[in-house]
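Take a look at these structures.
Across the two complexes that follow, chain A remains constant while its partner is chain B and subsequently chain C.
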Partner chain A sequence: MTVQFKPTETFRDTFTYKKSAEDILRFPFPFPEDEYMYSVNIEPHVKGGPTAAFNAAFDIDEHYVAECRERERVLKEDPKRCQVLPHMLTAEWDALELIMESLAVDYPEHFSLSKAGDVWTWVNRPLGLHQTFTFGKVETLPYGPFEYITRQVQGDFTLQDQREDMLYVDGGMVTTQADWSFEFNIGMSFMEWHGPVPLANEKGVFERALKYLLRLQCGQPVRRLNWTMTINPRLDTSPENYPVWGPDRTTVTPENVGDKVHLRVELQTLFRLPRSNAILFGIRCYLTSVNDLVKVPKWRRRLHRVLRDLHPALAEYKGMPRYRQMVVDYLAPMDDGVPTTKGIAPETDRLDG
Partner chain B sequence: MSDQGIKSKPTYSKIAGDKAARYQLLLVEGAGIPSEAMAEGGDPSAFETWTVAHASALPAAPMMDEAPGAVRPFRSTQHLLSALEERLDRETMGLRLYAIGTEPFLWDAFNIASAAGLSRQEMQFAHAGPKARRIYCVHCRTMMEGVTTSIVTCKGCGAALFVRDHFSKRLAAYMGVQVDAEAPGEVPQAEELYK
Partner chain C sequence: MTAAGTLSVRVREITELAPTLKRFSFEPAHGGEFPTAPAGGHVMLTLRDGGRVMKNAYSLVSAPAQRTRYEIIVRKVAQSRGGSAFLHAKVATGDVLDMAMPSCLFSLASTAKKHLLIGGGIGITPMLSFLGELKARGGRCEMHQLSSVDEAPVFDRLLAPFGDDAEIHIHTGGRAAFDLAGLLARQPLGTHVYVCGPHALMDAVTSTALALGWPAGKVHKESFGGATGGLPFKAVLKRSGLEVEVKENETLLDAIEAAGVAASCLCRGGACGQCATAVEEGEVDHRDDFLSAEEKAAGKLIMLCVSRARGPRLVLDL
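Up next, the complex of A and B:
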């Protein structure tokens, strides 16, 4: 079934973002068990998984057009949300190639790519773009290659340079982030940019993940899920705009908690790039309200148990102290105590309520 | 509160020198080398040394030799840093760069040296002098020098900023983030932490 785009939905001010039943069921629910702690939960990024969000290298859903418009708006307000250090130009072209080829294969009805030697023609039907350019010639595109293509994909992206057995975040398109500043972090090492994360550093999670990623092979991408919670379906929860979205956290009440509080999931993907040996890191953000999640019995039981038992340091880091108990109290009567099965699949094809 | 557990906060060591160096240049943000900044057995007479006099009147004919043991004074920290770029442009492989001073000085020197092609392994940094911080306002990008308190008012946008331990070497600054963004007006008492 071809997805119906909803180009006018909004992720700020009026918050007209809504999910169809299909869109709820394809949500990459982040908890495979009834309790949560940081781990190196990395697996091969192969097509096919517990929900339809895992069916493509770069997932496109019904919010595609609206998210690209939101990105354009953030970039107008703050052009430095997209920056690439000069030594990463080869990685920019690598990323453009990977994304264009993947989209054209996974969504032939929406995207096509044709090549005549170095002269490529890219067609993006949902956004109405038709671009002929010369691969390797920056002046033949309206933006740098990385910015050009990442304006046309959902989710944030960073480019990691690998040198001296370390990864450095030396480029990025970051407009839908969960409270980390790209302008502040650009140029940082893997260990530095994860410096503020509690507990995981002490558990050695980042040392192990780094060792794993330094050996990442071309053509064998990997993925993991990360999560937090966001009030209202707001994509741009950057530290830059914290004075804009921070007050939302005080607006949650026992009456509106189900609609206001959203589970924010990042489907994180990592691809080794062929020419530059850099790594493309995709951070694809999905937002689902508590009221949409409770329509799946397994998810409402598990979300209640995870939030109820969450380590206080994690709740603090994720900015949840003001409203976590309200979410737990709201979910508690909906948790019948029935054991849940392992894994994140919804195990239903229709929604309750 | 003084340790926020953030791993991007830099750590420093003493200057030990490097026997494998072809040439060694030491930058000191002060008139003399503080003895506590040198590792045991470290011998500054093996380095070309640049110092900061914090005085406009320099000797009429200051030492300008580019040689081990030479000590060249500069009027100010900025005066020294402005000469560093040109000096490093003329250098070749095998140079080791050392710096002793405040955090903003060390990381300003680091950024100049990185742009000149030196890697972190070719540098040594010793932290000496005041612990006051350079703060980057994450909301409006204003830099503030000499911050000694846990909370500071941004000179650019007026936000009351909490001073995090999250440090960017590229900006040579710690992050300041609005402390009362969620509930405007709820600003805790500032504490004198970084002196």
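Up next, the complex of A and C:
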């Protein structure tokens, strides 16, 4: 089925963002069990998974055009959301090649790429772009190669350089982030940028994840899901804009909690890049309101149980103390106590309500 | 290591470069293009000689941008395990082989101001891939190739396409005449050195560079990585009532899955801990990053995806 884009929906001010039934059912719900704790929950990023969000290397959905427009707005207001250090130029071209080739294969109705030697022609039909350029020649594109292509994909991206058995975040396009600043993190090592995460370090999660990622090979990408909660369907919850969105947390009431509070999921993907040996890290953000989630029986039971029993340090880190109890109280009457099955699939093709 | 995909490749061309050197050019057996290969990457070929199956790793000499062909150069060595001799004697144009997707543990440093490449004999192979990539990106580069007198013209021809972009030297006077210390001492700050060749050469480059005060992170040696396989063994799955033979080049997890048992797993690389399984009998060769040193010593758990038996048999609670 061809997806219907909704180019005018908004992720700020008027918040006209809405999800179709299909879009709710393809949500990558992040909890495989009724309780949640950090783990190295990395698996091969192969096509096909518990929901349709796992069907492509880089997932495109009905919000594609609107999200690209939102990214353009953020960059206009704050150009430093996209920065790449000079030694990452080869990685930029690697990323452009990987993303263009993947999109053209996964969505031939929307994207196409043709090559005559180093002269490539890229067509992006949803955004109305037609670009001929020379691979390897920066001056033939309107932006740097990494910025050019990541303006045309949903989700944030960073480029990790690998040096002396460590990864460094030396490039990024970050406009849809869950309260972390790329401008602050650029150049940091893997251990430094994960420094603020509670509990996981003591569990050795980062040390194991790093060893695993240092061995990541071309053509064998991996993925994991991460999550938090966001008030209103706002993509840009950056520290830079905290004064804009921070106060949203004070607007949640028992009456509006189902509409206001959104489960924010990041489908994180990691690809080794061939020429540069860098890693492309995709952080694809999905937002679904509590009221949309409760339309899936398994998800409403599980969301209630996970939030009810969440470790206080995690709730604090994810910025939830002010409204978590309200969400739990709202969900409690909808949890009939029936046991849930393992895994994240919705196990239904129609929604309640 | 995570399980690699396999490519089906057809031998497009075989070129005899020297009495013991052949270049094999492969194309995708089913048409289309290969994935962009990593610079400095290697591939594993599965070679079937009658009932005997050999898996040999070879550096790719083709540059990443070369998508229609993957090329390797193979030296026939008298004491080879048989794979290289088999390639030389029995593989012909048009043959179709299985090739594991390229892997890479030897890569160009993105922060290098200059790349100094040193190849010894057949150790030229990953350097050819590096030179192709550096030519494409315009990186500053100096190449030194050690060679016998006989083979110098061969290496000279292989390196000729890069002569306009890189400073290239071929040394035929033997190791003693090669002024390694002088070469390393005169490099500008920010140079990275890459070496591939006999162990003695790789060790000499490393020790000389370190003695001269080079940071260890600026010295790179070719590596195909640690062994992923090992001796075959038998895994007894107690709960399933099955006995599974784990082959040399197969992981325990793959063998268990092939036997139709769905073991819990996630990362397939020894990091996540999902496939931890209780061991009832047998000694474990632990290769994961999940279990602590104490847990490994206790030998009560095994990570199915990467670890193996240290002995003929393991009994698992599975």
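Convention: the second predicted complex is superposed on the first by the 353 of 353 C-alpha atoms of A that agree within 3 Å, B and C clash if a C-alpha of one lies under 4 Å from a C-alpha of the other, contacts with A are read in each partner's own complex, and residues count from 1 in each chain.
Definition applied: a contact is a pair of C-beta atoms (placed from the backbone, for glycine too) under 8 Å apart; a residue touches a chain by one contact, two chains touch by 3 or more.
Predicted, not measured: the structure shown is a model, and the values here were computed from it.
Applying the stated contact rule after C-alpha superposition, one finds that A:Thr250 touches chain B and leaves chain C untouched. Partner contacting the larger number of chain A residues, of chain B and chain C: C. Shared-chain residue A:Ser39: touches chain C; no touch with chain B.
Of the two partner chains placed by the overlay, only chain B lies in contact with A:Ile186; chain C stays clear of it.
With both structures placed on the common chain, the touch criterion links A:Glu164 to chain B and to chain C. Of the two partner chains placed by superposition, only chain B is touched by A:Pro196; chain C is not. Chain A residues in contact with chain B (one complex) as well as with chain C (other complex) are 164. Against chain A, the residues of chain C that register as touching in their complex are 1-5, 35-39, 41, 64, 101-104, 107-111, 133, 136-137, 216-217, 266-273, 289-290.
Per the touch definition, chain B reaches chain A in the complex via residues 5-9, 119, 121, 136, 138-139, 141, 159, 164, 166-171, 175, 177-178, 181-184.
Residues of chain A that touch chain B in their complex: 164, 181, 183-188, 191-196, 198, 201, 239-243, 246-247, 249-250, 322. Interface of chain A with chain C (complex): residues 39-44, 87-91, 94, 97, 136, 161-164, 170, 207-209, 211-212, 215, 217-220, 222, 272, 274-278.
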